[in-house]
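For reference, the structure is listed below as structure tokens.
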Amino acid sequence: MRNVGIIGVGYTPVFVSKRKDVNIPEMISEAVDAAFRNTKLTPDDIDAITFGNMQTFEGVNMPHLWAADHMRALDKPYMRIATGGTTGMSTLHSAYYHVASGLHDVVMAITWEKQSEGDSQVGLSGIVMPEAMVMVQHGMDLFGGKGMGAMGGGSTGAAAYQAMSYLHHSGADPEHIDKMAALERSNAALNPYAHLRKKTTVADIQATPFVSWPLRFGHTCPTSDGATVAIVASEEMVEKLADSVAWINGVGCATSDPATVNFIEGQITDPAEQEPARMASSKAYAMAGIKDPSKEIDMAEMYNGFAHQSLMWLEKLGLCKEGEAHKMLDAGALNIDGELPTNASGGVFSTNAIGASAMNRPTECALQIMRKIEGGHQIPKKIKNAVSHGWGGMFQYVTVTVLGDEPRHGQG
Amino acid sequence: MQRDIAIVAQAQVMTDSLDIPRERMLFDLVKGLFDKVGITRHDIDGFVLNSNDFEVGHTIANVFEDTPCGAYMKDETHVEADGMWAAQYTTMRLLSGNYDTALVVGNSSGASTFRPYLVMDYQLNPTYDRQLGILNELSTAALQARAYMAKYGAEEDDFNEIAARLLRNAALNPYAVRSKADATAGDVLASDYLYEPLRQLACYPFTDGACAMILASGKRAKELTDKPVWIKGMGNSVDTYYVGERDLATSKSARMAGERAYKLAGISNPAKQIDVAEVSAKFAYQEPIISEALGLFKEGSAGKVASKGLADLGGSMPVCPSGGGLGAYVFTANGLVRVAECVRQLKGEAGEAQVSGAKTALAHSQDGFCAQHNGVMVLSTEEG
Amino acid sequence: MTFEMGEETREVQGTWDISTYKYLIDGAGMKLLVDSMKEKKIRGIKCPQCETVYVPGPTFCRKCYIDIDEVVEIGETGVVMSYAVEMADVRGNPLEEFRLTAMIKLDGADTWIIGTISGMDWHDARIGMRVKAFWVDEPVGSLADIDRFEAI
């Protein structure tokens, strides 16, 4: 199989609640321009473009068509990918396959969200709109408190069930969620492209109210405006064009059933089981030639809409044994200077422009590997292998990308 | 291409009024396809789904398509644009060597769930065009039709002839939702204007439906079918969003998409080397614009092609023997349906619409206003 | 001459009109369930191949990928697989009365439903605890026929 590497990344200058100074294509083009600036490439160097954002959130259908001019996409092959919360990484995977197929050499992956221009709650409730209507027709009191009523988990959705299931099976305490939240928010304070940038203590987190036990307000992610662009290239073009590179050595994705809230058909999955995470990561590790991720992976970027998830994913992705993640947290292993720095960027939990959220995980890994991190969160140790993860759909869909400082040798 | 990839089999379902849930339609279609090929869902190592959230009214529509398509606990991804992009992405995944047997499924319910014209409204620039309320699916199409007529002296009757041929062809296609075996240009002329110069019978009918296809690496394809249809080339290209900045009488992006696909397929003279073409045209007038851009006919030749019957079933370059978009237009999946129709032709399964001796076929797709984004795939009965 | 960009762009209103959609939904398993609830029973559909019992039942098995239609009756008692305590409403305003809801696997089913648990201090809730459904006095064939769950 052809080796493919990320040779450059571009972010919008900031990720914030509301970008009032630019419209959608203008905002995305800031990240496109940044990617060109950072790689010293021009639009002529790009063979094809992949484009992704969360469907429906801004109320524009297939916005890649409206944005084509601003994306410098004219006269180029162009493809729109959308898989919900994982869209960012799915779009990167599509760029990867554009090159791995042998059809293209340099491909740009564009991901973004401008959540301030839409209504994310409406967008999200649209996931189950017809199902919710049927439930109401059959007597369910969606927001009431009777019998089989109540949207699962209250306003945090089924994430609260997931958190509770995780705590139960891992033996972690609710305080571990506070601690992980404080760690990530403090990491975000060092990251100029993070949204919530405030050094945060465990006491700060614990001062926020509970939304749904065991989740506090301080355990939930913001909604952000921002865009992220990655340029990937074939091995030959890396040599010609790039001064640094992070290799995409393994990719994987997997789905199960629409696990929660789908009351039309009985759900068969624990929201904390996340079997697709095991499936997608096993495939990505195998591609990358990684036999024991707990030993060979040097850093992790986990998709965490909620703070308990970073810990949960470390276990699901085989980076530690079940029930060990919170112990690693206690031992300081997840700190930026620890054994397995986790979400040095601050995670989705601190910055969430949804369509870009699952892209910011591998781009953070790539910049860490290339040692091109801006701000204060560069991981001090050398990074040979990094794992990034995306999560979305309806609790049921996972993507994984394994990156390395060297290309794969002699596989496939 | 670095690996031979073939289409193993296809399946379609179409109706003008769906009376079963979309999920059930997908289950029946995909299960039927697996049974026909003699495999189970566990033989598929990569699923690529294709739908549009605005079309089906479901955020992250693929969430509810996964299990009906057999993707429970499987590798799956989703393309939200015309189905041909899903087919092209599936081909890329197979070319990489990372997959061997893949399923691609496109669907929408433009007749029963939501009107395609509204879906198109949501594609407009929301800060300007949508506010003005002048541009929409039909008004942009009318502008494009007029542009072609003005540039090449074409008449509305030329388009009516094209529409009549497509409606006659549709009568030979078991999947078509609208057809007329003896349609004439006069019948089209007798139908109302939806938007001058677009007559109702020259515009696509609202259609519910889905299309599924199994693709595989060469070795695997030969295990699964006696008649693999080989993917020889593919390409796509996007034009500016702003219709005012394009020469609407022709299609630069269709031309570029074609050139990219021809280069891979080793085609230098498409008019000679291609035996049958399935073009994605939502309106009769679009067919000449696109097929000319693809080099199948001379520029501005709609009148001549119609009067000489060049694009007819027995003509020198049969276009849309299926009836194309005028027989059925499954929004989103339409490009995939065009590929599937080429597969039927190349497998010799097209019945009365069979183009005899068809060895090389071209499928085309489009997205956006006045076909802003175009895709092409070239298929062949011959390996290598 | 250079074009001066404003501090802020202009805002325009747009809507996405969801009410114009006409959805067809497979309600077979749901109908089976609510019809049975009229008799204070809970019924689901069983896959003959893998023996998974779904409540409410789909019309095909996700794992085996075959049509399924075998109706089975399941218990009104079950086990809590996970739970949460709702303490604020969807806008983040604190609730006066906290609400304990749980994902419950009813005895005989392989799938989970969501239910509200009454009559206990939420601090005492545990994953793995057993609960029982309590019915309204006069069921009408609706999901509201189960009034509440209580720990047993």
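Here the chain labels run A, B and C in written order, and each chain numbers its own residues starting at 1.
The rule is short, and it goes like this: a residue touches a chain if its C-beta (ideal position, glycine included) is under 8 Å from a C-beta of that chain, and two chains touch if they have at least 3 such contacts.
Since the model is a prediction, treat every value here as computed from it, not as a measurement.
Of the two interfaces, B-C and A-B, the higher number of touching C-beta pairs belongs to A-B.
Chain centres here are means of the Cα atoms, and by that rule the chain farthest away from chain B is C.
With centres set at the average Cα position, the gap from chain A to chain C is 27 Å. Chain geometry summary: the mean Cα position of chain B and that of chain C are 39 Å apart.
Separating the centre of chain A from that of chain B, both taken as means of CA atoms, is a distance of 33 Å. Chain A has residues 23, 56, 59, 126, 129-130, 257 in contact with two or more other chains. The multi-chain contact residues of chain B, meaning those touching 2 or more other chains, are 54, 57, 67, 72-73, 122, 126-127.
In chain C, the positions touching at least two other chains are 14, 16, 18, 21, 23, 25-26, 58, 62. Within the complex formed with chain C, the chain B residues making contact are 18-24, 27, 31, 34, 40-41, 54, 57, 67-68, 70, 72-73, 109, 112-115, 118, 122, 126-127, 130-131.
On the side of chain A, the complex with chain C involves touching residues 20-23, 26, 56, 59, 121-122, 126, 129-131, 133-135, 138-141, 143, 145-150, 152-156, 160-165, 168, 209-215, 217, 257, 263-268, 270-272.
Contact residues on chain A toward chain B in their complex (touch as defined above): 1-2, 23, 54-56, 58-62, 64-69, 73-84, 90, 93-94, 97-98, 100-103, 123-127, 129-130, 251-258, 262, 275-276, 279-280, 283, 287, 392-394, 396-397, 412. Every residue of chain C that touches chain B in the complex is listed here, in rising order: 10, 12, 14, 16-18, 20-26, 58-60, 62-63, 65-66.
Chain contact summary for the complex, chain B toward chain A: residues 1-2, 52-54, 57-64, 66-67, 71-81, 85, 88-89, 91-93, 95-98, 119-120, 122-127, 234-242, 252-253, 256, 260, 264, 367-369, 372-373.
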